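Listed next: structures, encoded as structure tokens.
Next, two complexes with chain A in common: one pairs it with chain B, the other with chain C.
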Partner chain A sequence: MTWATRFLFFVLGAPLLLGSALALAPAFTQTSLVVNSTGQMGQLLPPAFLTLLSTPGIATSAITSLVSGLLTPAISLAIVFLFLAATQGNSIGNAIAKLSAPVLAIPHAAAAFALALLLAPSGVASRVVASLLGWDLPPDYLFINDPNGLALILGLVLKEAPFLLLISLAALPSLGAPRRVALARTLGYKPTTAWLLTVAPVLYPLVRLPLFAVIVFASSAVDVALILGPSLPPTLSVRLLEWFVAPEIESRQLASAAALLQLVVSLSALGIWLLFERVVARAFAPLAARGASRLSARRVTYDTALTALGNALLPLSLAFILIGIGALMLTSVGTEWRYPALVPSVWSTQQWTSALSEWRAPLFNATMIALLSVTAALALSLFMLEAQARSSVSTARIATFLYLPLLVPQVVFISGIAVLAERALLPPSLTLVAAGHFLFVLPYVYLTLQGGYARFDTRWLMLARTLGASNTVCFWRIRLPLLSTQLVTAVMLGLAISLSLYLPTQILGAGRIPTLTTEAIALVSSGNRSTIGTWALLQSALPTLCFMLALVLPRLIWSRRKGML
Partner chain B sequence: MGNSSARAQSAKKTLLVARFAIFWFSILFSVNASSQQPIDVDNWQKITDDARGQRVYFHAWGGDTELNAHLTWIAQEMLSRFGVELIHVKLADTSSAVTRLIAENAAGNVERGSADLIWLNGENFSTLKRANLLFGPWAEEQPNFALVDADRYPEMRQDFGVKTEGFESPWTRSQLIFYYDSERLIEPPRTAEALKNWIKENPGEFTYPRPPAFLGTTLLKQLLVELAVNRSQSSAEVESTFSLPVTAAFDTFSAPLWTFLDEIHSALLREGRHFPQSGTQLRAALYDREISLAFAFSPNEVVSSISRNELAASTKSYVFDSGTLSNVSFVAIPKNAPSKQGAMLVSNFLLSPEVQFRAAINAKLASEPVLAFDNFTPEQQAALRVNAQAPGAVTPIELARKIQEPHPSWTNAIEREWLKRYGGGAPSKGDE
Partner chain C sequence: MNTGLELQDVSLSVGSRQLLSLSCTIAPGEVMTVMGASGTGKSTLLAFIAGFLNEAFTAEGRIVLENKALNSVPAEQRRIGLLFQDALLFPHLSVAENLKFGLVRTAGESRKDRDDRVEQALEAISLGGFGDRDPASLSGGQQSRIALMRLLLSEPQAILLDEPFSNLDMQLRGEIRAFTFDSIRAANIPALLVTHDLADAQAAGGKILAL
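Up next, the complex of A and B:
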């Protein structure tokens, strides 16, 4: 471990460990108010765990979380790899990939609203069918909030697939995919199969860590589960939060025990995934080694089917979200839109005027928090990368630590940090929230800049030094300007992430620091469709703007230079 | 950086960084040094003077846009009239404020609490009062408290059977009402028994918010009381049982409720496999014709929803024949609130005829005023009478049929039992 690694481990690890410890501690206190029927377990387990284990449906909750934690990454990865295999960098594929950036920018909660608006029994899809079949009343089916969590998984996949796609696209150029495919083609494989057999195995290790983050997120997400997840019983994460905010003191202990269970569930999901990896690797190897000597018709149809799936699934999932956003826009201006009407019958901008009159403070807070956390993350990342570049130490191993905040469920350690801040008599403040956001922003900022540093042509620096420039001059005049694309991307990515964070803002700010995201989710309980639509759109607007800037700004900066993008 | 001037420069830079850090830390750790002095609640003039310049964090449920707008207006008035800065902290659930308060006190934060004023009643109040976390008594010293006429309306001093003893001040009044789409439903059920039969004859047309969602629990309590009265010979015995903390008699008294719920479960919307999260989702389901009968805990819910196009004009509301649950909700000041004087001033302003009237007429709040009717001006009284005639309104005669809330401990007991019976998913699975 270099000093930089240790430092980073401390910055990210300490709040994580302390937070988790404090969140889990109440579960082990013996001063429980809960009267339990002491069985033989009584001596082994603290009372809070007995209460937790005897809670009706707790196993169902845990299993729902586990299944969502496994199916979400599996389906998302399948969609992305099939898409990449089927398009292989052709122009249509590139165009579609560009569309995924704005979808990535849309906060999870807004995407979940959009999906619910499309697929609920009185939703847009049902209205389309109603207008064709002449229904007057909405059908009584249960898909959104279904007990198996299918809607929850679908909602998560729609958001995680674009994320994995962008990660994959960033990693692909270094792999020489066309060469590999060409080689496999000479052995008689069809293009899509060739990509899956030769590129996927080398691409997978590069997306593995982000994928682990997806596993943890999907098994512990709160906002999406609140909107799309089952309610009888809800997912473990939602129950945990319910217990955490319940007024009774014994609920706090129950919440702590549930936090431990959440940790176990998320880690189990990771463990099962690791097993799954081995099984797939075993199955894959002979498949690739066997070759495609016998060009049977079945093999060709197999490849055609895979290509079709790859071409269809990702665009379809993007289209889902974009149509959903369209529906959100309709609700935000439609005041009278009763089932089975296809479009609102009375239009008004009243929701917008009232939302806009209330959005100043939330917007100001959200922007300040985002700027503070991103500035801090940027400064720290540059400082460490520069220090490592000068001492020419490899930076690769640090990446693992950076994923730490993404590998521990947010609900678990953020609530502990709130207790820590409370003990330290730190009042809930904008700075405190920004410090919490910093933990989630840093990984993305650092990784983006690290890519830039890794690809940097150090001969420019040598050249500058021969002309007498100091290290400082080299950094400011050579390094930073040449890295402006990565700088812009890192800043915009960081801003977008900070702007859509819900749990850290809500818990660390004690609800006192309203942001666009907390306001939007507070209105979920109001259930008024047009209000929710308006705030979901407001909440999406800023992150989307950031992503757009990340795409456009480098082009403007380098508009008079060649080959810099 | 070999030469001395560069070193001096870097030292200067370090100094600058240190100063900057100290500046930020001082902001981070800045503590409002004002030590807590006992407040003389009798001296209203001094309270008004001391309140000037204070910042009051009002923790109140933020799920109602009309109420939020009303509070925005109140905040503007508080600033211009009294120099008090009122900040509405929009809660998704009042219990989170209670949790926070408990956590703060557990951590030894006894004078810099995050909330100055909390909107609450029932179990949240009884929890805080029992834990001795509330400031008071102060409520009855407010100049405007006399206007609620608490001697004539004892519910202004009784919160779910728990005596308020000046630790909270009334703000709004609510009552359970039922409403339906008169285009789909001609003769709605007016008793618990009729409701059961109607649900079974019309499967998929009724549901209730999932307890512990406040409105869902309220319906359960309504049914609990009404069914127990039906069953028992002596209504006095029932009344006294519910006004006291829950006892072993819970099983006997709640048995008819669980039989009722078991019977209707599979005839509910989505066959009882999913419940709405809140009253507003229930309302949206009625609006979109998913269900044809719903209920709310605010007498003017239907009137104000129709005016916002959130319910069809054909929606009508009513109260059960034997009456419905009714309660008052209050505002309380935590013991560790930094701006108690400002909070008291806000509470007193909330009780003024001007604000109570505005809430009912201009802001179109769904709840009722707590002021005694004759304490409004004659013009205000006339306007309130006209309001009671609006389409979808419940008549004052119907609203007079009130049932008192059971003791808060019943709420907990019912919620727990409901979650045990239905909260774990498919009933066939049982406990795990």
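Up next, the complex of A and C:
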């Protein structure tokens, strides 16, 4: 291990360990003498845990989080793999895959608002049905904030499926999928089945780590849960946040005990997933070994059904978000929108003009935090990668380590870091929030650039050196320009992620550093659709711009250098 | 007095397996050829001489150029030029910028003087006025000539050729090969050619060493 690697381990590992430790510590400290009347249990567990376990609905909260942590990755992965199996790189599939990139740019919160507006009883979907069937009143169902957390899971799936799709598309070219499918087809398998039997098993290991990140995120997400999740009781992560920000010391201890429970829930979700993996692997081998039966009509029906699902589900989930965003636009300019009308009856730009007078500070804060965290992540990533490239050490294992901040529930270690900052008498500031964002931006920036470094043709550097250029000159005049596309992608991805982060901003900023994201989510309880629409769109605008720039900038910069595109 | 490139008791090995061992002297203007199938350590030999030997290999022996031992000199100070299979014109630079990248600075030379030298070099390879062009817009033959000119402008004291003609089609191959060897002879620089094509070796006209 080089010193550069050790440094990276420290920069990521220390806040994670220290943050988690400090988040969990208060639960184990007894600040007051509690007289125990509950018998043996009381002597075994610190009082904060007893309080937590006797909190009404805590088991329901934990189970909702656990179920969301398991169903979200399972459904997302199924949608993505079926889509890839059904389309197999055909032109329609490619066009849809391109559409998923801008959906990835839309922040979780805005996507959740969009879904709510689409599927609520008086939402757009219900209005379409109403105008067809002649309803006058919205139907009576509870979908958004439903007690089973189905809306929460759907909201998460809509965002995580495009993420897994992008990861899969990046990994696929190295697998020789067309050859594998062709071979299986000559053995008598239908195309979709052939893909699922021959490509899926080799693709899965390559998306496993990102998938684990999805499991942890889905079992502990706060922003989506606030908007779409159940409210009586809310998910464990939401309750944890509520307790953490409450002023009483007892609720801090409760939050700490809840952080431990959250850790247990997220780790259980991972553990159950690992078991699930084994079961599927066991079931898979005999399935493939059974052989293709050319004449079996049932097999053909299965394949047709899988193909249809694959073709339908992912486009449908993209459509949900895009139509929802359209609805957000309508609602942001409509002051009166009676059910079941499809468009508002009274239009006004009042929401925008009043929002525009309030968005300056949040926009400034969000931009500064994003720029600070991305600059730091970019500098550190380049420094590490360059050091490793020169010492010719393999960097494969570091990638696994970089996923750590994504594999520990944010709400746990970020609240610990906030405690650490309080103890060190660091007031909430842009820099502190940016430091928190840095931990989430770094993995993506580093992994994007690492891909560029790994594919870099070292002959360029050899050539430059034999022409008299030193290592430093090579870095600035050869390495960076040749990596410019990856640099732009890394920066824009980092900015988009930072601009969308809710929890680190809210906790480390102690609610005093408003950004577009925190302001949008703060409107949840207001119930004012118009205002929510305006802010959700404002919140989406910058990340979307970043993704567009990532596509357009390299073409602009290198319009006169075809070899760079 | 240019004494050429000397390899004294050079031996390369990976782990305990020896790849090759050789001693030789390449006179100025001579193009010596090393031939051998892949896996015999041809490219490793070039990497060793140029100063890029991977840590996985161990090397013994001395590289002497102009009576100086080069073993501990960094690659960029060895004044040994490299020519690869592909022209490898830097895609982010114009043709003129590619040539200027290696152009040796002379004291008191103005920017205009350098531009003039680059333009003269382009005219010498019948590509006058091509300075502002995007390398990607040029033909394979034009790219090869510019790559060689870029190498020569860096005023190397020895040249290493790593199968430089194997990606060219038959017609272009003879033409570029003759142009390259003529230029090396005219510049009176020792060169080491690595190839698996006997025709290349014969055209080089120097010693041939089979691995």
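What we mean here is this: the second predicted complex is superposed on the first by the 543 of 565 C-alpha atoms of A that agree within 3 Å, B and C clash if a C-alpha of one lies under 4 Å from a C-alpha of the other, contacts with A are read in each partner's own complex, and residues count from 1 in each chain.
Throughout what follows, a contact is a pair of C-beta atoms (placed from the backbone, for glycine too) under 8 Å apart; a residue touches a chain by one contact, two chains touch by 3 or more.
The structure displayed is predicted, hence computed values, not measured ones.
Applying the stated contact rule after C-alpha superposition, one finds that A:521 touches chain B and leaves chain C untouched.
Judged by the number of chain A residues each one touches, B leads among chain B and chain C. Within the superposed three-chain model, A:560 lies in touch with chain C and out of touch with chain B [touch as defined at top]. Shared-chain residue A:470: touches chain B and chain C both. Using the contact criterion defined above for the overlaid structures, shared-chain residue A:481 touches chain C, although it does not reach chain B. In the overlay built on the shared chain, the residue A:367 is in contact with neither chain B nor chain C.
Contact with chain C, but none with chain B, is seen for A:459 once the two complexes are overlaid on the shared chain.
Using the contact criterion defined above for the overlaid structures, shared-chain residue A:60 touches chain B, although it does not reach chain C. In the overlay built on the shared chain, the residue A:426 is in contact with chain B alone; chain C does not reach it. Overlaid on A, the two complexes show chain B and chain C touching the same residues of chain A, namely 470.
Touching chain A in their complex are the following residues of chain C: 50-52, 54-55, 74-82, 84, 86, 88-92, 101-102, 104, 134-137, 150-151, 154, 156. Note for the complex: chain A touches chain B at residues 54-60, 121-122, 136-138, 140-142, 145-147, 230-233, 244-249, 252, 335-336, 338-339, 346, 354, 357-358, 419, 422-423, 425-429, 431-432, 470, 510-512, 514, 519, 521-529, 531. Residues of chain A that touch chain C in their complex: 392, 459-460, 462-470, 477-478, 481-482, 484, 558, 560-564. On chain B, the positions that touch chain A within their shared complex are 1, 24, 27-29, 31, 57, 59, 61-65, 68-69, 72, 87, 89-93, 95-96, 98-100, 102-104, 107-109, 112, 114, 123-124, 127, 204, 210, 269-271, 273-281, 283-285, 287-290, 308-310, 312, 412, 419-426, 429, 431-432.
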